[in-house]
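First subunit A sits with subunit B, and in the next complex the same chain sits with subunit C.
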Partner chain A sequence: MFPYRGYAGKCLYVDLTSGKIETREYDKALAENYLGGNGFGTRLLWENVAPEVDALAPENLLIFSTGPLCGTIVPNPGRMEVIGKSPLTGIYGDANTGGFLGPEFKFAGWDAVVITGQSPRPVYLAIADNQVELRDASHLWGLTTSQTENAIRQTWGDPLVKTATIGPAGENLVRFAGIQITPQRSAARCGLGAVMGSKRLKAIAVRGHGPIRVADPYRLHKLAIALHQRLRANPIFPAVHASGTPGIVSLMDALGRFPTQNFRMGSFPYVDHINIDALRARAFVRDLACFGCPVACDKLYRVPDGPYAETALRSVEYETLNALGACIWNADLDALLAANRLCDELGLDTISAGRVISFAMELWDEEILNLDDTGGLALYWGDMDTVLPLLRMIAYREGFGNLLAEGVRRAAQTIGRGAERYAMHVKGMEIAAQDGRAQKSMGLAHVTSTRGADHLKAFPVIDETGYPDEGRRRYGEQYLPDIVQPLATKYKAFLVKDGEDFGAVVDSVGMCKSGGTFVLAEIYWPDIAAALEAATAMEMPVERLQRIGERIYNLQRCYNALHGITRADDKLPSRFSEEASPSGNAKGQTIDIEPMLEEYYQLRGWDAETGWPTAEKLRELGLEDAIERLQR
Partner chain B sequence: MHLEAIAEKCTGCRICENFCSVKHEGAIWPERARIRILAETDSGPFTPNVCRQCEDAACAAACPVEAITKDQATGAWVVNDDECIGCESCVEACPYHAIFFDAESGKAFKCDLCGGEPECVAICPFGAVQKVP
Partner chain C sequence: MITIHVRYHNILQRGAGTARETVELPDGTSLAEALRHLADQHGAPLREMLLGSDGNIASYLVIFRNGQLIGQQQLQLPLANGDELMLFLAISGG
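For the complex of A and B:
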């Protein structure tokens, strides 16, 4: 019997090739060494998906994985992970989502669903508590994400069914297709929607009626109340609640870290058209929250009139306001919201979708692309009459869209003629709305992230603005003032490493990086360790938890090492070191990664030449099997 | 005392359901929560649905064995498990769908105002459920 509480204690293994569905007890050693969520998926990928397996081959795994605190009463327990090899980067891939799906898995009695193989025909996986079956999805193939969700709910006859769906983009193997999660959330990055499409799995639908039992409900209750109270008393809680991530648009713009025209600039002259004030005045309907979240950073927006009237959507984020706004030079908020909604319906990651378009627009501007290349599309900055149809062309892989559906790295290679210079990616992953020139730790975070360019692995937020309060609360006085200064490089390797290890734990227990752990900087190692003890009855001193975070992150790096990733790949596009940022607080700044990276490898115990974890470090983390595999 | 829902303050987070079930069942178990969020769509509008602790309670009136009685100290109508015969007459009678049936134990269950300190009122971050004296 699985000994720990907080977990459902069992997983589903589904082989889509044979249609076989198997129930397995949750692996005790895995829980002890990797917790769940992100760590669980990392270990499974490491053990089962060899370097030679293509991300879109049946042998790749697609893992939906919750953690032991997911669905409980700690604040923001609605998060779950999707893990698989990424068709965009060809290396370790994961995507995290909020919403209500993760908890529903656990109410249905499952910690994780591990998918392998490829179905001969479109199917969806229906999980009604203990009743699990593959159902025909031929009639759903081709539908958008919300159409799919609605159709499944109608057939089921229960509006509380939660789903993970792909749209046309996932079906057509767009390399940055995401997975849409109830309610209008996305497991967006790394192209895992294309992995789902390659398996001909249109959706997973879940309804659970059971309990999540914890080891010591009295103690967990006491801890949870204290955490809720601390969040509500946090000085920036009101702002995060009121505005969500769009609240930082104007601030980031002033700092010169709001990528504009494909990172040519860091400030957008029309930012007032797409910031939180514009959004609120134009389209605010109501505050919304993910499961169990007291922050409620989500909002429902609806365009009231005009050509995009009645466009209604939630999960409008800072990133999308940049990717489909400033970065493509678009100041038309209504059209931006329509494009955001369209990406959700088609199942496209808004960040990468926006970036492939800003990449193409800059190439057009630089006269590297012409009408012959684009099939007659003129790609002028900010032209939303072109962008909206182009998003469809990407999702359906039509004409020029077929090229962009490959992501900027592959598209640049195909185009040639110096296009690589304008491809803003690290390891094949398009860079989000974070500019290392304006925040040095973010530049380091992009190159050390295990899923390619990414702000969310290390998520260095305390040095975004230079305000010392959060830095003091989290790290004490000793690292001030450098650690909170965006342009300083001192202590940033430490900040990034700590963030990566802590983030791996947050993503493995099922909590949120926006609602208290990183944003608000309120919940930290000791809080999660205590909550885990109360929920699971595992002994969890802080040192053990830190070791788990480090183990997970090192194993992801090892997995990438098997795929040929070395220090040479830990680099930013040349733009960031060669072109000075022209605006804001960052004016005149470039970024030199190397000194920070050197320090980072030292802190990590990684070899400075290869960038691989040393045998000594791996032994210390109990990853002896990785030593062997890396030597081969 | 009874509870009142302020629907426009509800974000649909279900924290109330979760804490309610921990308080009464010792597990996170929305299907056993005494308070339920009603949602017109996934994105609202939402209404926390709570027992009104009616003056003339239809549930108590419908009970053939008088298992639902008023706690004079709190004003809550409370199901007496020893008396309840599991006939579900109360569930059918309640016009607000605020009393439920547990098929496992064969008993009805409902909001008891947590003995005077309702968990949902204490935990709701935005005051969408409030105590009315």
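For the complex of A and C:
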């Protein structure tokens, strides 16, 4: 009998090749050492998907994994993780999503679903509490994500069914296809939608009616109330609530960290056309929230008139406003929203989709690409009459879109002729709207992230603006002012390491990085440790929780090491060290990653030459099996 | 007298009731004094956004002067004629 509360206590294992569905008790040792969510998936990937397995092969796993606080009453407990080997990077991959799917899994009585194999025909997995079956999805294959979701709901006859669906991009194995999650959220990054497509799994649909039992309801309730109150008392809370991530567009632009024209610049002269004020004035309908979230940073937007009239969507994020706005030199907000909606329908990660297009536009501008290369497409900056059809071409792998569907690293290798210089990626993952020249910790975070270029693993938000209160509250007076200054490098290795370990825990318990743990910086190690104790009855001193975060992150690094990743791969594109930022507060800045990286390896206990965790560190973390595998 | 140009972002616009304004101030006015002037002119709720509960310039206010990020230690420096200020709350994320 699984001993801990907070968990449903059991998982589904689905072999799509044989059609076999198996129920297994949640592994007690896994819960104790990896919590759930991100940690659970990391351990399963490590144990079951060998380096020689291709990400799109049936042997890859696709793991949907919740955590012990997901669906409870702590603030922002609606997150879940999707983990698998990434077809974009060829290494460890994960994607995180908000919305309502994670809690619905728990209500249905499942902590995780582990999928392997490849179905002979398109199917979807239907989970109605304890009733689980694979259903034919031949009639759904080819539909967009919302069409799929609606068709499943209609068949089911229950409007409250939650789904994870892929669109044409996932079906066509676009290497940055995402998974669309009810309601219009995305597990977007790393191309896990293509993994789902390779398995011919069109969707997972879940409906649950059960409770989540916690160990000490009185204590958890008291803790949750206190956390909710702290969030609401935070002086930045009203701004985050009012604007969500689009609220940082103009601020990031002023800081010079708002990538423009494929990172040629860090500020967009037309930023006022796509910032929160423009968005609100043009298309705001109402506030929305994910499960159990007091921040409610999500909004419903609708284009009221014009060529894109009635385009309606939620989850319009800072990243998309950059990727499909400034980075491709587009100031047409309506067209941007239409492109965002199109990506959601096709099942494309908006960040990577925008980046492959800005990459191609820069190559066009540099006369590396011509009409013969593009099949007759002229790729002028900001030309949305080209961008919108090109997004479809990518999703359906048509013409030039087939090349871009491979992501910038592979596309650059195919194009040659110096194209690699313009491919803005780390380890194959396109860089999000976070320019390390303007915020040095973010440059380090991109190279140490275990899923390739990424701002969300370390998520160093406290030094974006130089705001001291968050730094003081989290780390103490002794690190000020350097730790909160965006252009300083001192203490940034420490900031990144702490963020990675803490982030691994946040992603493993089922909480949100934008709802108080990183953004607002209110909820920290002691809060999550206390909530875990109250929810699960697991003894969780802060030191143990920190060790768990460190263990998860080290195991991800070990998994990548098995795939040949070394220190030599921990590098930014040369643009960041060779071309000074021309604008904003970062004007004249480049980034030298090496001193921070050296300090980071020391703090991590990793070998400075290989960039691999040392045997001593792995032993300390109880990862003896990793020592043996790395030595092999 | 000097003339400065102020740009409010995000919910600060709601507090000020405008996105931009031009303000005349005596020669030698410091940035902190200018912000207090704006708080006095507009009253609540802008005052609550610009000034902390202790009446000092709020630490969560992000200020750019002529495109450069200004630290708390620079609040007492005098402004110059034609200066452009951009004001944000210290919202972060991505």
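The rule is short, and it goes like this: the second predicted complex is superposed on the first by the 632 of 632 C-alpha atoms of A that agree within 3 Å, B and C clash if a C-alpha of one lies under 4 Å from a C-alpha of the other, contacts with A are read in each partner's own complex, and residues count from 1 in each chain.
FYI, a residue touches a chain if its C-beta (ideal position, glycine included) is under 8 Å from a C-beta of that chain, and two chains touch if they have at least 3 such contacts.
Model, not experiment: these values are computed from the prediction.
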item: Room on subunit A for both subunit B and subunit C (clash or fit); value: fit
item: Which of subunit B and subunit C A:Val461 touches, first, second, both or neither; value: second
item: Touched partner set for A:Gly584, first subunit B, second subunit C, both or neither; value: second
item: Residue contacts on subunit A - larger count, subunit B or subunit C; value: C
item: Contacts of A:Thr386 with subunit B and subunit C, given as first, second, both or neither; value: neither
item: Contacts of A:Arg314 with subunit B and subunit C, given as first, second, both or neither; value: first
item: Touching partner for A:Ile236 - first (subunit B), second (subunit C), both, neither; value: second
item: First, second, both or neither for A:Thr536, with subunit B first and subunit C second; value: neither
item: Included angle at subunit A between vectors to subunit C and subunit B, based on C-alpha centres and rounded to the nearest 10 degrees; value: 80
item: Touching partner for A:Phe107 - first (subunit B), second (subunit C), both, neither; value: first
item: Touching partner for A:Pro294 - first (subunit B), second (subunit C), both, neither; value: first
item: Distance of closest approach, subunit C and subunit B, by C-alpha atoms in Å; value: 17
item: Residues of subunit A that lie at the interface with subunit B and also at the interface with subunit C; value: none
item: Subunit B to subunit A touching residues, read off their complex; value: 8, 11-15, 18-19, 21-23, 25-32, 39, 42-45, 122-123, 125-126
item: Subunit A contact footprint on subunit C (complex, rising order); value: 9-11, 13, 19, 52, 58-60, 62, 64, 67-69, 71-72, 86, 88-94
item: Complex interface listing, subunit A residues touching subunit B; value: 71-73, 107, 159, 182-184, 209-214, 217, 220-221, 225, 228, 232, 286-296, 298, 300, 312, 314
item: Complex interface listing, subunit A residues touching subunit C; value: 235-236, 238-240, 242-243, 245, 247-248, 250-252, 254-255, 275-277, 318-319, 432-434, 455-456, 459, 461-462, 464-470, 481, 485-486, 514, 518-519, 584-585, 587
